[in-house]
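In what follows, a single structure is set out as structure tokens and then discussed.
When the chains are written out, they are named A, B, C and D in that same order, and each has its own residue count from 1.
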Amino acid sequence: MLRFLLRRSLGAVAILLIISAVTFFLFYAIPRNPALLACGKSCTPDQLAIVERNLGIDDPVPVQYWDYMTGIFAGRDFPAGDCPAPCLGYSFTNNQPVLDTILDRLPTTVSLTLGGAVVFLTLGLAFGMLAAWHRGTLLDKTMSSASLVLSSLQIYFIGPLALAVFVYNDGDFHLFSQPEYVPFTEDPGGWFAGLLLPWLVLSTIFTANYTRMARAELIEQLQEDHVRTARAKGMSRSTVFFRYAWRGSLIPVVTIFGIDLGSLFGGAMITEVTFTLPGLGRLAVDSVTQSNLPMLMGVMLFAALMIVLFNILVDACYALIDPRVRLA
Amino acid sequence: MVPSETRTAEAGPVGRSPGQLIWRRFRRDRVGVISGFVVLFFFVVGLCAPLISKLYGKDPYTRYGQIEPGLLNGFGYPVKPNGGIDGEFWFGLEPFLGRDVFTQLLYGIRTSLLIALAVTVLATLTGILLGIAAGYLGGRWDFLISRFIDLLMAFPQQLFFVAFLPIVATLFVDPREETPTWVRVVSIVVVLWVLGWMTLGRILRGATLALREREFVEAAKVSGASPWRVIRKELLPNVVSPVLVQATYMLPNFVTTAAALSFLGVGLVEPTPDWGRMFAIGAEVYEADITYMFFPGVSMVIFVVAFNLLGDSVRDAFDPKSGRR
Amino acid sequence: MTTTSPAAGSGTTGDGAPFLSVRDLRVHFSTEDGVVRAVDGLSFDVRRGRTLGIVGESGSGKSVATQAVLGLHDPARTTVSGTIDLDGQELITAGERALERLRGDKVAMIFQDPLTALSPYHTIGRQIGESFRKHRVASRREARDRAVEMLGKVGIPHPRLRVDDYPHQFSGGMRQRVMIAMALVCDPDLLIADEPTTALDVTVQAQILDLLLDLQREFGSAIIMITHDLGVVSRVSDDLVVMYAGRAVERGTVREVLRAPRHPYTWGLLTSMPRLRGDVGQDLVPIAGTPPSLLAPPPGCPFEPRCAFSTEVTGDVSCATDRPALSGTRDAACHLDPEQKRALFTERIQPRLR
Amino acid sequence: MGKRTLRGGRAAGVSLALAGALILGACSGGGGGDEGDGVNEPEGAGTLDSIAFGDAEASAGPAEAVPGAEPGGTIHVLQETGPNHLDPAQIYVSDEATVARLLHRGLTTVRLDNDGEYTVVGDLATDSGQVSDGGRTWTYTLKDDIYFNDGSEVTSADVRHTFERQFADFITQGPTFVQQWLANTGGADYRELLPGGPYEGDHLPDTVLETPDEDTVVFHFEEPQTDLPYALSMVGYAIVSEAGDTREAYDEAPLTTGPYQIEEHRPGRSMTLTRNEYWEPESDSARNAYPDRYELTFGHTTDDSTRRLMADNGDDRYAISFNNGVDPANAPEVASDPAYSDRLVQGYQPYVATLAINTERVTDKRVREAIALAVPLNGVLNAYGGTFGGEYAGGFISPLLPGYEAGYDPYGKLAAPQGDPEGARALLEEADAVGYELNYVHHTGTEDSRAAVAITDALEQAGFEVNETEVPQETYYDTISVVDNGYDIYRSNWGHDWLSSSTVLPPLFDGRQIQDGASNYSHFDSDEVNAEIDRIRGIVDPAEAATAWFELNKTIMEDHLPAVPLFYYKQNILHGSLVGGAVFNDDLGTVDMNRLFVIQE
């Protein structure tokens, strides 16, 4: 297990290094001078140089990259203050440490993602099992068609629609409260009420896809030889279903779930923009419009880290599910 | 094996080629055929957008609502109810700019399908090339390509699109010059393509690995066929099924992803009509004019559903066992 | 529970009513491409203490027929008709609950590939003990003890240690032994072995067959041995059914069928099989052609398109349009008259079998 | 004069769905004279009948009570962007300035009283300033009982430090008027007066800034600077503690002199203001400071804040926004439903949107006139929110300014806001310039791109060839303010710094000001106009000057047309049902936060 973790971590670090390099060089290839922004009005060339030095962008790009990476591992000194490791630099726009901003936005994204994941995982798996169990019946067909239609409902379409119908309608009855992020620690009820609609909208497509996937996997598993063996042993239908077929169908579900969760933790952009939730996704979108490169770099690295991390987690889960997998 | 000395069996569908069988199976799948027609309809609409708009007598660029008084109110919204739908503007008027929604949608579908189709073709070719190369060549190549795929898979996709789309265009064009629409289209295609081929690549790598061990490939290799010939004659025909199935799933995916980018504000810009940007505008104005989002939204749902059904049918036709029923 | 006596009333002789009696069994699958008649009018009997061999090419319906006995097919896509009488109980019309009680208890099954037929996610102890717990209402502990006992019985060394292992930790032969232990855990009266040795190498094959025979002797079970290997059949079976395209084409005791086969298909099977003592220079003759589509079986003799002797049929029957019948305990479904068959076999087939 | 640009986009978090509201611009100070008749009355906007420099009596606290107001409670403020700067010297953009008005005090401030009168009063100073030496010397005396929130008293040393640190290298974002006046230079040359600021022990000489005792500050200018009281009311000149100055770090945790202090600040997310216990109401004639707390939350797009305020639930009943206007999607409903319109505060913002024409490139006035005729004002204004976003403009001078003449419309734009492509084409043909190529640059913001669609389309209809390019919003003004920018037309906004046209026409059209980064975006240089500017500046009577400025506006419009006026920005602030005292403040261009109170249930 330890060796597995070590090996995978090394791989992950390699991947992150490459991603950071690619991102860094691509970003800094663009012909814009962020120092001009930071320098503001009444900017003299001298001042511009000072600002550039403060931002650490007067050096050649490779040197900047080196400084950046050193900052992550060893910390870095900025005129605005000491930036201990892991230092992701300072925002161009408001001189806040990038890491602080990311950590500040993180709870929103985590709340949104985790809540959404709970919804789509439970609903998706439940519906998928229901459909597979009642395979071929009207229920199955209805659920399959429904999930097909649901899986084509893009967030940017149903999000505004749901807001218009359930939240901002002209009537007195509002099914959901206005979407907002209230920290769980401050007000669990408000946290739940404010995120309920985003969770549901975010999980619509996922629920549909997980339903389809779980159903297909279960049906495939039900055709496995060992499932037939179990039936031939006289195991009841539910035992066969839940003890044998279900277990095997978990592996692909866990794989996809890991990928989905990993990428959602890096920011559920469209959901966050649609519901104006201050998460990492919106931070990224705002950073793009502001050319706030350090922030964008930070979010990008963080998102990649999440993806890689969840990859490792998924592999570790395989070992829990399937005894044939050994983490050596 | 000894050649048959007697008549070979003629009965049943045994004598048909796999292609014919697949086609037969597909044709018998009513849902598949209908969704195929729907998909075809969208492509025809996209292709014939100029013709349709000519017959209809409007174009997607003229600001009818701004030029003709009485169509838009002081806030820039259609005066008539339901987004200004009437005999003249079938799907209503666009808020603010007052353009015709019907032709906007037609041309938007045209642009989106063009982009998605281009990305699909490129991603499929890349997937085939790298997937088969990894599977067939094996060894170091396999390692390199597989790690490359891992690397690209670790890129946060959406973030990557959003972050790099604005940059890609600046690499092509002097910022002083008007960025031609085709450059913007190409940037979107390139960005989507770069991160769009890996799934197919992985599938094909696996399929090739499996095929490589099979007798007929071995036989071809032993008989001295060049690798290129083995790939072309023995491997490619055997991966048609995953390629086609994946491609049918890919295309609607690229349509919705490209639309998402427009929604996030990094897609095509005005005045090029764009399906996805209609959602951005729709999300902006839905409180005052919810009708505006109706037609783009519903048509996208129909399109994606039809394409997914088609994908399922294609898969079933190739591999009846995996059936959804 | 170290010894379990055979179920009451089960004898070791072949006398009396058959333990399992299958009459006119039809198993039809509906598929995308149409109705597949996998089994189309099959009848056979199995007696206690005896072994029935069912041979045929893949796709001839052997496995489908025996799985129908246990009702293992998906009812949504399968139509089963005819009668299956197991010790006086009609199984085709029996409910799922009744079948569940039967499976693994009175009737057990061994499958071909022990790697895929065992669940990779559970220990073998659990997989063996599971049906014991269910059918014998045993505790976890008892089931485990029973599993250990059975593992010992099928010859797995250190059963107490290995009971908690997973299937992938066993070799192929050992896995098949696990399979057998699992099948025998409730002392079934009927054991259906579906190509139990096909996936194994030859020496292990022999061990497994011996094991089965030993266990049969001990428990007095009836066995249906499905195989495409006539060697296996000749070694373990008492009776034999040859299946082709979902039907029985010849049946009799092993001795009768193998010594004096009466169906051109059986001849084909015999000539296509290598023999240990055969002439090395002798060509093996495979049966030409492929089995007919089960979607649209030919109206006459299903073997007719491949049959080298159909032209020799005399009289007003046509192999292409008239379906030959099979009757009695020793018969072959063929339009050739008995004399012709005997002559053709001795003159044209037997020399090749030397 | 400093550059007046719409910099909000660059400094602030810009949402994709940015609606018509503006993010920019601190503006300050009242205007001279009593040119009430010139001010056109927009719905809900106050008028500036008279404005005065307040004396010691007017400057003495406490502030006049707002009828019905009671102290206590919490006001919630929904803002799109949080302040990127808290150091007053770095504050210029309006969403920072509005918040800062609750925290910081300067030597002067502009007070809006119950009668709707604006007065420049002494804030930390006892009056709006004692002028002598023909406007070259200004003397301020500090009040008693004025403290920073750490309990230390505000002294003249702090005032001196405040102005000296304006010269420090890290102070880059604030206003520059006073520095330029002190140094008597233009542009950024003022920095030579005290390079690096006071931190190396250097100080401004007494001949420039004098602090004879603890309570007295004297400014000495080489030229008469009669606008000083206005300029000093800008938040950018609020007083910074010398002892508490932490230089760059002051930007995150400043000491405050106003009624509130920062209890908690999560950048970009939220800010909590609580009472500054050391603020004495008796020392402050402009601030009522009724609420006990302000809870500011950031990241609200205009549609988000509008919907919350419309819904009026829970805490949102106590909510308002200082800078988020009503978004275009909800504007029709807000305007038509009394449930909302009763909670709406409307008025003009100081900004006038124009389409600048680069006169160095487009030299033929007929071509410029063709551009003006072709441009569809409705297309532009629609993009910026229609009737809520603004009002068609006929000239460069805002309706807020003295001297403004309503209905001035030399090119018939107000009558034909959809544009006149035929008329434009006729002019082009006359100038033999059909197919004239125009390089048009706009930024990538939603509104500007949308306006560009209409402008480009209309210009091409009229016979122009338009080469349309876009730049990111945050670099837009840097792009167009370069002299050799290579573009022919570009939209630009200008807002007066205080209520005088002297802060409008000279920065826009004084040809001697053309340089990189300057605000003469049209690069317009006319000796006649330059001379006229100098002449009007010499006019002592504010009313006469105001009229003269508007005449000059006409001359520039009719004879030169270096830019096409598009529209006057408006602001529409909705507030919760339990927020009282919300009135529009013309000086701020938004609601007056000093008068707000919580309606106690």
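Definition applied: a contact is a pair of C-beta atoms (placed from the backbone, for glycine too) under 8 Å apart; a residue touches a chain by one contact, two chains touch by 3 or more.
Note that the coordinates shown come from a computational prediction; the quantities given were computed from them, not determined experimentally.
**Student:** More contacting C-beta pairs: A-C or A-D?
**Tutor:** A-D
**Student:** Quick check for you: compute each chain's CA centroid and the global CA centroid, then name the chain with the smallest gap between them.
**Tutor:** Centre-most chain by C-alpha means: A.
**Student:** Quick one: report the Å distance separating chain C from chain D, using the average Cα coordinate of each chain.
**Tutor:** Centre-to-centre distance between chain C and chain D: 93 Å.
**Student:** For chain A versus chain D, what separation do you get between their C-alpha means, in angstrom?
**Tutor:** It comes to 41 Å between the two C-alpha centres.
**Student:** So, what's the distance in Å between the C-alpha centres of chain C and chain A?
**Tutor:** Computed value for the inter-centroid distance: 53 Å.
**Student:** Using the touch definition from the top, which residues of chain D touch two or more other chains?
**Tutor:** Residues 16, 303, 307, 444, 472.
**Student:** On chain C, where are the residues touching two or more other chains?
**Tutor:** Not one residue in chain C touches at least two other chains.
**Student:** Two-or-more-chain contact residues of chain A, please, as numbers and ranges.
**Tutor:** Touching at least two other chains: 136, 168, 273, 285, 289.
**Student:** Any idea which chain A residues touch chain C in the complex?
**Tutor:** 135-136, 224-237, 243-244, 247-248, 321-324
**Student:** Name, in rising order, each residue of chain A that touches chain D in their complex.
**Tutor:** Touch list, chain A to chain D: 32, 36-44, 46-47, 50-51, 79-81, 93-96, 100-101, 104, 167-168, 177-178, 273, 276, 278, 282, 285-286, 289-291.
**Student:** If we count contacts the way the header does, which residues on chain C are in touch with chain A in the complex?
**Tutor:** Residue positions touching the partner: 67, 70, 72, 76-77, 96, 100-105, 108-109, 111, 113, 116-122, 130-131, 134-135, 166, 168, 179, 182.
**Student:** Using the touch definition from the top, list the residues of chain D that touch chain A in their complex.
**Tutor:** It comes out as residues 2-3, 5, 7, 10-16, 82, 84-85, 92, 169, 172-173, 176, 187-188, 191, 248-249, 251-252, 266-269, 299-301, 303-304, 307-308, 310-311, 313, 444, 472-475, 478, 517.
**Student:** Quick one: in the complex, what on chain B touches chain A?
**Tutor:** 150-151, 153-160, 162-164, 166-167, 170-171, 175, 252, 256, 259-260, 263-266, 279-280, 282-283, 286-287, 290, 293, 296-297, 300-301, 304-305, 308-309, 322, 324-325
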